[in-house]
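One structure follows; several queries about it will come next.
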Amino acid sequence: MNVAIIGASGYTGLELVKILINHPKFNITYIANSTGEQNVQDLHPCLKDVIDIEVSKADAKEVSKVADLAFLALPHKTSMFFAKELLELGVKVVDLSADYRLDLETYEKHYCPHEDKEHIKDSVYGLPEYYGEELKASNLVANPGCFPTAALLALLPFMDVIDADAQIFIDAKTGMSGAGKGLKEITHFGHLNENCHSYNPFKHRHMPEIEEKVKLLKDVDCQINFVPYLLPVTRGMIVSVFATLKEEVDVKEILNNAYNDSEFVRIRETPVDLKSTAGTNYCDIFVDRNKKALFINSSIDNLLRGASSQAVVNANIMCGFEEGEGIPKIAYVP
Amino acid sequence: MNVAIIGASGYTGLELVKILINHPKFNITYIANSTGEQNVQDLHPCLKDVIDIEVSKADAKEVSKVADLAFLALPHKTSMFFAKELLELGVKVVDLSADYRLDLETYEKHYCPHEDKEHIKDSVYGLPEYYGEELKASNLVANPGCFPTAALLALLPFMDVIDADAQIFIDAKTGMSGAGKGLKEITHFGHLNENCHSYNPFKHRHMPEIEEKVKLLKDVDCQINFVPYLLPVTRGMIVSVFATLKEEVDVKEILNNAYNDSEFVRIRETPVDLKSTAGTNYCDIFVDRNKKALFINSSIDNLLRGASSQAVVNANIMCGFEEGEGIPKIAYVP
Amino acid sequence: MNVAIIGASGYTGLELVKILINHPKFNITYIANSTGEQNVQDLHPCLKDVIDIEVSKADAKEVSKVADLAFLALPHKTSMFFAKELLELGVKVVDLSADYRLDLETYEKHYCPHEDKEHIKDSVYGLPEYYGEELKASNLVANPGCFPTAALLALLPFMDVIDADAQIFIDAKTGMSGAGKGLKEITHFGHLNENCHSYNPFKHRHMPEIEEKVKLLKDVDCQINFVPYLLPVTRGMIVSVFATLKEEVDVKEILNNAYNDSEFVRIRETPVDLKSTAGTNYCDIFVDRNKKALFINSSIDNLLRGASSQAVVNANIMCGFEEGEGIPKIAYVP
Amino acid sequence: MNVAIIGASGYTGLELVKILINHPKFNITYIANSTGEQNVQDLHPCLKDVIDIEVSKADAKEVSKVADLAFLALPHKTSMFFAKELLELGVKVVDLSADYRLDLETYEKHYCPHEDKEHIKDSVYGLPEYYGEELKASNLVANPGCFPTAALLALLPFMDVIDADAQIFIDAKTGMSGAGKGLKEITHFGHLNENCHSYNPFKHRHMPEIEEKVKLLKDVDCQINFVPYLLPVTRGMIVSVFATLKEEVDVKEILNNAYNDSEFVRIRETPVDLKSTAGTNYCDIFVDRNKKALFINSSIDNLLRGASSQAVVNANIMCGFEEGEGIPKIAYVP
């Protein structure tokens, strides 16, 4: 099946290329960014001798001639214009931006006016453990944000036993690659090395995404208080979810039951770490409690399970392939 | 005033040497570890040409001949034997171990049987912002743990407005130097680099220390749920305290009022970071809330404010000097 | 083809497992270390749900029952005992230790007395670009050291134009994984982080290995002066070779001619870096000169091209498979 | 003595502030950058509560009213305009840029046309071990580059015994702070972390600076071949100098004799490391040889001995103070 990658310059675009090169079912026929006129080897010198394909200036009509499905690794707002045009041309879309993740109203409150009101209502949220069935029939998948992926996979199994009147706190630590390849002060080596700090506490745009999905999936109104931290590492994300249980239940059993059959969630007996998931699509989860105080601890690779490999899992499901076809499982350890 | 450093081999011992070399009032007359027969320059090659003094095999009687005050940078249990002997010989003691930090009962529950029941009840907890008066008259100061220092300075100002029936969660991230200079798997570079993970969640020995001091200082019974994380950095500690407010109060004003006159607490308008306090005795604190959800964010140098420089502040106060005499204030930035 | 991995506890053992899991021709039937009685998932928790196989206590006879070829990722001296027994049982061996890399005399001078004098003389040095033909017929391959791999691939093409009377200097920087998973002071995070230093300058055991191979392959006697440095990174190796040219020749052309047909050597137009080869079997090389002063700059992944993936390339060649079958080419970037 | 710091926004400006705050003889009366209208605490948040002084828009006449000596931490070319004006107003200058380091001809070849031809010929090169006497009488000191400081201190003692017809190679590794606080791709965390690479091999502007000073001080024409590397650390510099001896002499004795009386050069018996000098003005040097092959190994803090603390040493000497007054000697270890 022929696929296109639109937005190949950034980290998630590179990860898509890396996964799809070796994918047994997908074949990359088109790679684009905003400028074109380069070989992908010049864009990413690590790909020298690995793949030889021109990078085009992104053009939806050209995509529709050579590909049946497109991955959009674009900034929000830019993405919706491409998605709309591609869908009208009959190309399936997996969108890695925020543009189709939220209800229209929530989106416009936290981002900007939406220019594709038609498709946003039909998009499926690409968290395979919870939307597997809907994904099979979908032409437009909104790939979740990295923080919501790690937080929701941790939190959702416990919503029935959590006291929703008590505060839920999420302390989420991410590697810097989530901030992208562009030059920013917070990702300058002199700033971040040997450092660690929070940013946008209680104000990050992934907070409403988590709240909305909890409401949709579990029909619970609760206040999610989300504090992200930047870690001095390139890759990986590790999350603490803190909540209050209604009663002192067996939280390990709940977790095991929730993900017993999940190919890409691993239950851990000890606290999770970044490195065991870096390079893979796994979400590792550990849970413990102190009387009624609940600690759920999840770890993902922010660029893979938090973006590109989850996008390919979604594409696999959309196309009727096995969920795990061509999906990386072997961590970069050491 | 002549002082001794017992336990000079480790990181906190080295930090004591580094501070005291340039201290205007204290004069190092004795340095010891468990083996002796070395120059301190051999023990810490970075001190070559900076200080020239023999390292002795630790001996309390020898200390009493040459020093009026001793800093003990020893493992718990070892420390209490030295402290006891030194106090009986008339030497003031600042103990950096856990041996005199807790009530006897709490100590024996979490550590081991105590061998100096006489002095433990007279020790003063060396958190200067809260025990400044008691420190002036004390001969035995129990220097707080690094996590309790950062957590208590953040939490204590808010205990009056926090709903003590709701869970309090502390997500505390520390640089690896807190785990010491000894070789351990968790501080092997191949394990920790590009990694991050929790350890002993809800079970760390600093949890009862925080609970006990909150109870003593604020007369509040509450459940503190403490989760420490290890960061891939050498030095520094950054803490999230999450709690629930009784009402939606002005938390910034509360924080300002609490530390308006404190030389070594800095209120920040933006989230704190590791590097602004690394190399100093400062505790930086930021606070914010989301309706009734409270986030207090503090940062210290775990080896300085969390150990050695706080020990020297305590010694300054015990000896009638200015709190800030010879105390480092200039961060290692960049 | 069934293969065994002896010595699965360390980093190179893990890398062998990771490569062979997905190898299209080799099938892992036996994994061993010195203790056994574990699942490989307990030995390397990152392999949870990826491979399910018991780790045996290493036993050559058991190997011969279930495998046709064995990879030995063992310490030197231990390795020769296993290799000898396996070869006598008809099992092909790729030995990652130093035991079969050198002439007997050179080996015994720099390591220890050799206990398998019979096989050492028949072993083939597993640098595929230079010993490809000999490897095809070999039953015992001595996998090169990481430093010699990077240094020889850089140096060998230029030996004809280098003034062998002038000194050749090699300044080689390695990630810490070369020092292994065992706890050592130099790989303690508190020591290595934000640090860099040389070790064993002019005295490292890889120096005679480089000199010997230059002599054997190019029939040139020259003095190689080798200085290794430890970098504060986990993975990767980058080498400066400095030499003096006989005349001011076109060094870029020489390099291109040398590796025009090599699948796993990439010529770079700009200085090489660690990350473009980390995770792959590539050796990247850049060359430049300042009049007669020559600078050759090579980079490899010390655990892969410097150990485990080169071992599998050698096994591929020994077994008549394509050199590149199942060999990693996609770097860990970012 | 009142001093000014012009160019306070960057790393070297910050280091000057940090040293001069605690200097017993110098008093900061003026701090400037190119925009002004800020408190230095806003420019460098780590200085909160440590120093309270306005940052001015740089103006030479204002400087001359309040200071007797100015440190210029400015880009080259900008610096010469300020220096010229300040000197004409009677203010002593320590210039941290390249503008007065070289002979006019060499400068214009490697940088740009010079606009202060009058003063360049009178400037003194601020390497105190070799220009101590000239510095005493100087009003204009050109502070050496970081690489030349580390390389010359290593190389100069051996010029008499080195074969100047053979190539001299310098492999110099620096922390990223030498590339400054401005955002650049090579200092983006995603690029540099877990990475290492050379840049401008044989073409760096510090190469002619080293050659010129060797010629001036030792009257030897030789070819210096300089290759800088970027390390994934913030601070520090470590250098390999490789040369060929005329004869097999006692190189350790030569080194000891050269720096026996030097306060800020430490001879090491084992290879030097970054961390023992980070935070200090020390240059650590180790030397070894393999027959006639010479390896000299030096380490400095690139921002201190390679810039700001050496500048203050030079100011001390220019003003008749002790060389070591207020100069940092205690490393940041761990």
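Order of writing sets the labels: A, B, C and D. Residues in every chain begin at 1.
Note that in this section contacts are C-beta pairs under 8 Å (C-beta built on N, C-alpha and C of every residue); 3 or more make two chains touch, one makes a residue touch a chain.
No experiment lies behind these values; they were computed from the predicted model shown.
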Far-end chain from chain A, centres as C-alpha averages: D
Between the pairs A-C and C-D, the one where more C-beta pairs touch: C-D
CA centroid of chain A to CA centroid of chain D, Å: 46
Between chain D and chain C, distance of the C-alpha-averaged centres to the nearest whole Å: 40
Where chain A and chain C are represented by their mean Cα positions, the distance between them in whole Å: 37
Of all residues in chain D, the ones touching two or more other chains: 11, 177, 181, 190, 194, 232-235, 275, 334
Of chain A, residues touching chain C in the complex: 11, 14, 18, 21-22, 44-50, 177, 181, 194, 234-235, 266, 268, 275-276, 279, 282, 303, 329-334
Footprint of chain D on chain C - complex, ascending: 166-167, 169, 171, 173, 190-191, 194-199, 201-202, 223, 225, 227, 229, 231-236, 238, 240, 242, 244, 271-275, 278, 288-293, 295, 297, 299, 334
Contact footprint of chain B on chain C as seen in their complex: 11, 176-177, 181, 183-185, 187-190, 192-194, 232-234
